[in-house]
Each structure stands twice: as structure tokens, then as C-alpha cells.
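So the structure is just underneath, and the comments pick up after that.
In this document, chain identifiers A, B and C correspond to the written order of the chains, with residue numbering beginning at 1 in each.
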Amino acid sequence: MDFNPKLFFRFFPQLLEGYFFTLQYAFIGIVFSILLGILIGMVMCLKIPVVNTILRWYIDIFRETPLIVQMYLLYYGLPYVGVLLPPAVAGMLAIIFNESAFTAEIVRGGIESIGLGQKKAARSLGFSRIQILLTILFPQAMKSIYPSLAGQGSFILKDTSLLTLVTITELTSVSRYLNSRYLIPGTAFIGSAIFYVVTFWAIQGVVSILQKRQKWN
Amino acid sequence: MELSKQIIIWRLLLLDGLPQTFRLALISIGSAFSLGILLGVVRSKKWPVVQQVLSVYLGIVRGIPFLLLLLLVYFNTPVKGVFKVSVVTLTIYNSAYIAEIIRGGIIGLGENQFKAGKSLGMNSLEVIWYVVLPQVLNYTMPALLGQMVILVKGTATCSAIGYTEITRSGTIAMEAYGSPHIIYLEIMLVYFVMCHILTTIGKHFEAKGKLKMLGKR
Amino acid sequence: MNNSDNSVIRIENLSKYYGSFHAIKDVSLDVHKGETHVICGPSGSGKSTMLFCINGIEKYQSGHVYFNGDLMTPKNIRHMRTKIGMVFQHFELFPHLTALQNVTIAPIKIQKRDREEAEDNARSLFKKVGLENRMDHFPYQLSGGQKQRIAILRALAMDPDIVLFDEPTSALDPEMVKDVLYVMKDLSTSGMTMIVVTHELGFAKEVASHITFFEDGQIVETKSPDEFFRGNGSERTKIFLNNIINV
């Protein structure tokens, strides 16, 4: 495990640059996948016949197939059917769709775990199903699921490393470049690992605080 | 696409690629579960120094993207050969999550069963083997199956370092015959079938578990 | 190795702390062969904790426990446990094993007995309590009274020198308490040495050889059943008795 601190400092700027790309991609991924996931999760709770089946398939397919294959499908396959997207967009779409499926399940699970009594009480007061969902069920569900949602952040962060396989520049691709150019696998890969682990621990810290706060409630 | 091309591609995928996926997945599941259960049991004990070390180790393993871990093992360890590197990486990565699942299960079981086993004269290992693990494995089966799904999906990423399983076979086919939009969809179908079977088994366990809980007096 | 006086369990100056809380305060007790010691007292007084200290399930900070005259040490405790039976308040049967397997697992795996021999022995135990038709059932299919009786069989299958009971009937519905007490009375009259932590003073009156009143981490006094119920004891015992009887 040949990690050379001197080399690490020498290439720190490049790694940092890659890290910033990673953070940006992660941010976009988190925002959009959570928004989309919440939307899908909530719509599923309305149990509209055809829509529900389609969404169920969407969730199952994206959760039960590998992200890398989804990325390849969008990156290599879309141009074949005439859709030309920048690589970053294709890659990010794969991440967003993929993680939105997981988020949707979290949201759906959270909402459905709220007792029947609440729904009955709201119905008896004259609320419509959508109103119940938005004003009563969703806020309550959010209270119990936001640590899981925060945890999604660390998954999306790790997903961004696959972008290097579709020629996008981010932290992992920088480390691969450094390795192939200077033959310093220890410094390059352990170096980028340090960035990922520190970020992961920061997210875990936030999740822990959120979980503790939730237990108090 | 003409039928003959389709047949060639399917042959590549199913006869060349898929068996390699199975081989990698089955062996890795065996080693990941063995290591994961061992780590999980150790994690549930009250040994301060070991806990600290393990916490850090698990935090690192779970904090690095799987692709980066593959590269680390490939370039920085004495493990040689794409297959071995893939097995080792899948084992290290997934055993970390399995350890947490098992540890949670052991803690959830509570101390009393442990005390009962000890009162009969069993030593700690005997209690864990005869009393605790059978119950914990049964109880955490849905989560463990979920982890198996993650492992199977992880085999796809191993294509990035050159292991020729089904995803890489697909890429090779694409480079020879084109039509990536169809090829990758077909690959997704294969993964979907495999993972959906696992998830369905998991749901079966979850339902069985709930029945037993209700049947308890 | 001196056991001329037939002591099965001797506790000497046992002390246990939970952090700074002194849970067991310098307790000493001597139980001889064939005796049935009932230990009673208010909830939270530490009587169950003391029972768990006897076979080392709970650790203690100072004091000694002797089994058949031999000092209990971490080295020999596991072997001693095979000769000390224990019955828990919440039965603690192993839910993934059948009733028969629950009773035979320790004799087979720990005492290394032959499977056939262990199963035959277990079968005759089941017959004695009338539960032979439940041998292949799982705990979740059984009532509390059945589970507790099987838990007693699990302890007896090891052929112990003494059986410790921790509030064996407290978690049972009233109809089932009788069945379990019947088994315990039978066991006592057949000569088994027993220490029973319980609130069932009727049981104590019938078969106990000694009744110990335990309060606040200490033994207040130990008396014969006659003296105990006649109220020839200390003030605290009398108060406790009054509270129980006037309920």
C-alpha cells in the first residue's frame, strides 16, 4: 500500500478539483433524485390503477438492475435512437432515475406505515385523498424518514464514481489518470479514498444527529 | 436486428457472460456472508479496543465507492487476477454491511436467550452457534437477501477492471455488432430476473416472520 | 474440597454493584441437599439478581460461591452449570427448536450424551408431566404453562444437583400457575434441592424447608415455614406478610 504523502500533496490540487466535480454531481443527484423520489412515492400512495403498476415496474427495474448497466444503456444506447445528450447528462440521468426508485420506496414505506386511524379521521372531516396525502401524511412521514433520506446522500456520493466509466471527469477519474500517467496507484487511489471517506463520515455525522433528534421526538 | 445476430448476442450473454456472473456471485456470497457473520458477532461483543478498530475499518469500507475499492485491491494489494480481485473486493465490501445487519439482529434478540443457553453450561461460542445465530439469521433474512441483491449488482461493476461477466460480454457484443440500446436492455432483463427472484424470496420471509410474531402467545 | 455437611450451594459474603448502586449487600446463604429454599420479598429487592449470581450469569464484585463444597471459578463454572439447573420467569425456550429438541440439545451437545439415550430420557420426562403429545411442537404453538413445564424438563434433563427458579409463575395466567406449581411440588417432595424465588407463598407453605425474606439487597432472615407464617420474625418480615395476606 505505497502511499506517498509528498506526492499526495503535490497532486492535491488535481484531486481537489476532481473532488469538487464529484460534489457538484452528487449535489445535483441528491436534489433531483430526492425530489423525483418523493413525487413518485407520494403518487404511489394514491394507488391509481394503471399509474401504480407503471410506477411499481419503474421502481423494481431501477432497484433490481445495476446502476452501471443503466448508465451504459443511456450513454451508449440513447444516441442509437437519436437522442444525443452530453455524457454528464446521460450519466446523471441514470443516477437520478436509479436513486429516485430507492427514495420512492423509502417515502412510500414511511407514508404507509402511518396508521389507518389518521386517514379515517381526515376523511371524516371531508379532506380529499390528495389533501390528506400532502397536508397530513407526508409531513408526518418526513419526520420518521429523514435520516434515511440523508443516508441516501452517501449512496449518491458513491454512485458518482461510476461516472468515470462513461468518460466523465470527477474524483475517481482523476485518480485513474494520475495512476496511469505517473504509476502511483497507492497515492492516487488512497488519496482519493481519503476524500470520499472524510465526506462519508461528515454525512454519517449528520445522519447520526438527525437520528438522535428523531428518537427524542 | 436480424434474428441471427440476436442469437449470437444472446449466446454471448448467456453462455459466455452469465456463467461467469454466477461463478463470481456465488463464491462472493459465500465468503462475504461468512466474513460478515463473523464480524457481526464480534461487533456485538463488548470488547472496547476491537470495537474501535472495527468501527474505523467498517467506516472506511462503507465510505469508499465500490469501483474505487476494486481499483485499490487491483493495484495496491498482492491479489492477482481479475477474478480474485473481484471476489476479494465483493467480499470486503458486502461483509461490512452484513456485519451491521447481523449485529443489529443480535442486539434485537436481547440477552435472555443468551442467558438461557449459558445456564445450560454452553460456552459463548456454543450459545452463538446453537441458539443465537439460527434465530438471528431467520429474523434478518429479508435484509440479508437485500444485501445479496446488492452483491449481484456489484458483479456488473467488476466488468470495469476486465472481468468478463455478462456486462462486459455485452460491451464486447456491442463493439462487434452495435445496437447497444437493445443489448443493454437485454442485460438488464437478465439481472432483473436474478434479483427479482431474490427479492421475492425476501418478501416471503418477511411475511412468514410477521405470521410467527402474531402466532406467539 | 470439604463437603462433609452436604452443602450444595454456599454463598459467602456476596456483593454486587450496578455502577454505584449496591444491589447485593454482603449476602450469605447455605443450601443443603434435599432442601427447598424459597426466597421472597418485595420487587426490586435483588432476589433474582442474587439467583443469577449463583450460577454466574450475573457477575459479582466480591464474595464466593461454593458448589458441592468447591469454589466456583471462571475455569470450572461452565462444568458446574451443567449440574445447576435454571428456570426463567419468561421460560426462554429456544423458539427455533421443538420441545423435544429444547430438552435434548444441552445433554447432547454439552454433556456429549448419545442422541438416543438423551431422547429416551427426555421422553420419559415428558411423560411424567403429561406432555408427551407436545414433544414435536414449537414453542410458539404452546401455552405459557406448557412452555414453563418444558423449561423445567430442559433443566432436569441435565440431571442437576440443584435447580434454581426465578419467579417461575409470575408470567403465567392464573389457570396455568397451578400446573407448574404441581410439577415443582412433585420435584421438591422427590428430594431435589431447589432454590425458588417466588411470590407464591402457598407453595412455600406446602413444600418449602426454609423461607428467606430478602429485602433491599440483603437477607433479613431465614426461617422454617411454620415460624415464618406464625410471624415469629422481625418487624420487616411481619410488615411484608401483612401486605401480602391483606391483598
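Criterion: a residue touches a chain if its C-beta (ideal position, glycine included) is under 8 Å from a C-beta of that chain, and two chains touch if they have at least 3 such contacts.
Keep in mind it's a predicted model, so treat the numbers as computed, not measured.
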Far-end chain from chain B, centres as C-alpha averages: C
Chain at the geometric heart of the assembly (C-alpha centres): B
Whole-Å gap separating chain B and chain C, where each centre is the average of the chain's CA atoms: 45
Distance from the mean Cα position of chain B to that of chain A, given in whole angstrom: 20
Chain A and chain C: spacing of chain centres that average the CA atoms, whole Å: 55
Chain B partner contacts - residues on chain C that touch it in the complex: 52, 55, 57, 78-79, 81-82, 84-86, 88, 90, 92-96, 105-106, 109-111, 140-144, 154-155, 158
Chain A contact footprint on chain B (complex, rising order): 59-60, 62-68, 71-72, 75-77, 149, 153-157, 159-160, 167, 170-171, 174, 178-182, 184-185, 187-188, 191-192, 195-196, 199
Contact footprint of chain C on chain B as seen in their complex: 112-113, 115-123, 126, 130-131, 134-135, 138, 212, 215-217
Residue ranges of chain A touching chain B (in the complex, touch as defined): 1-2, 60-61, 64-70, 72-73, 76-78, 80-81, 154, 157-162, 164-165, 172, 175-176, 179, 185-186, 189-190, 192-193, 196-197, 199-201, 204
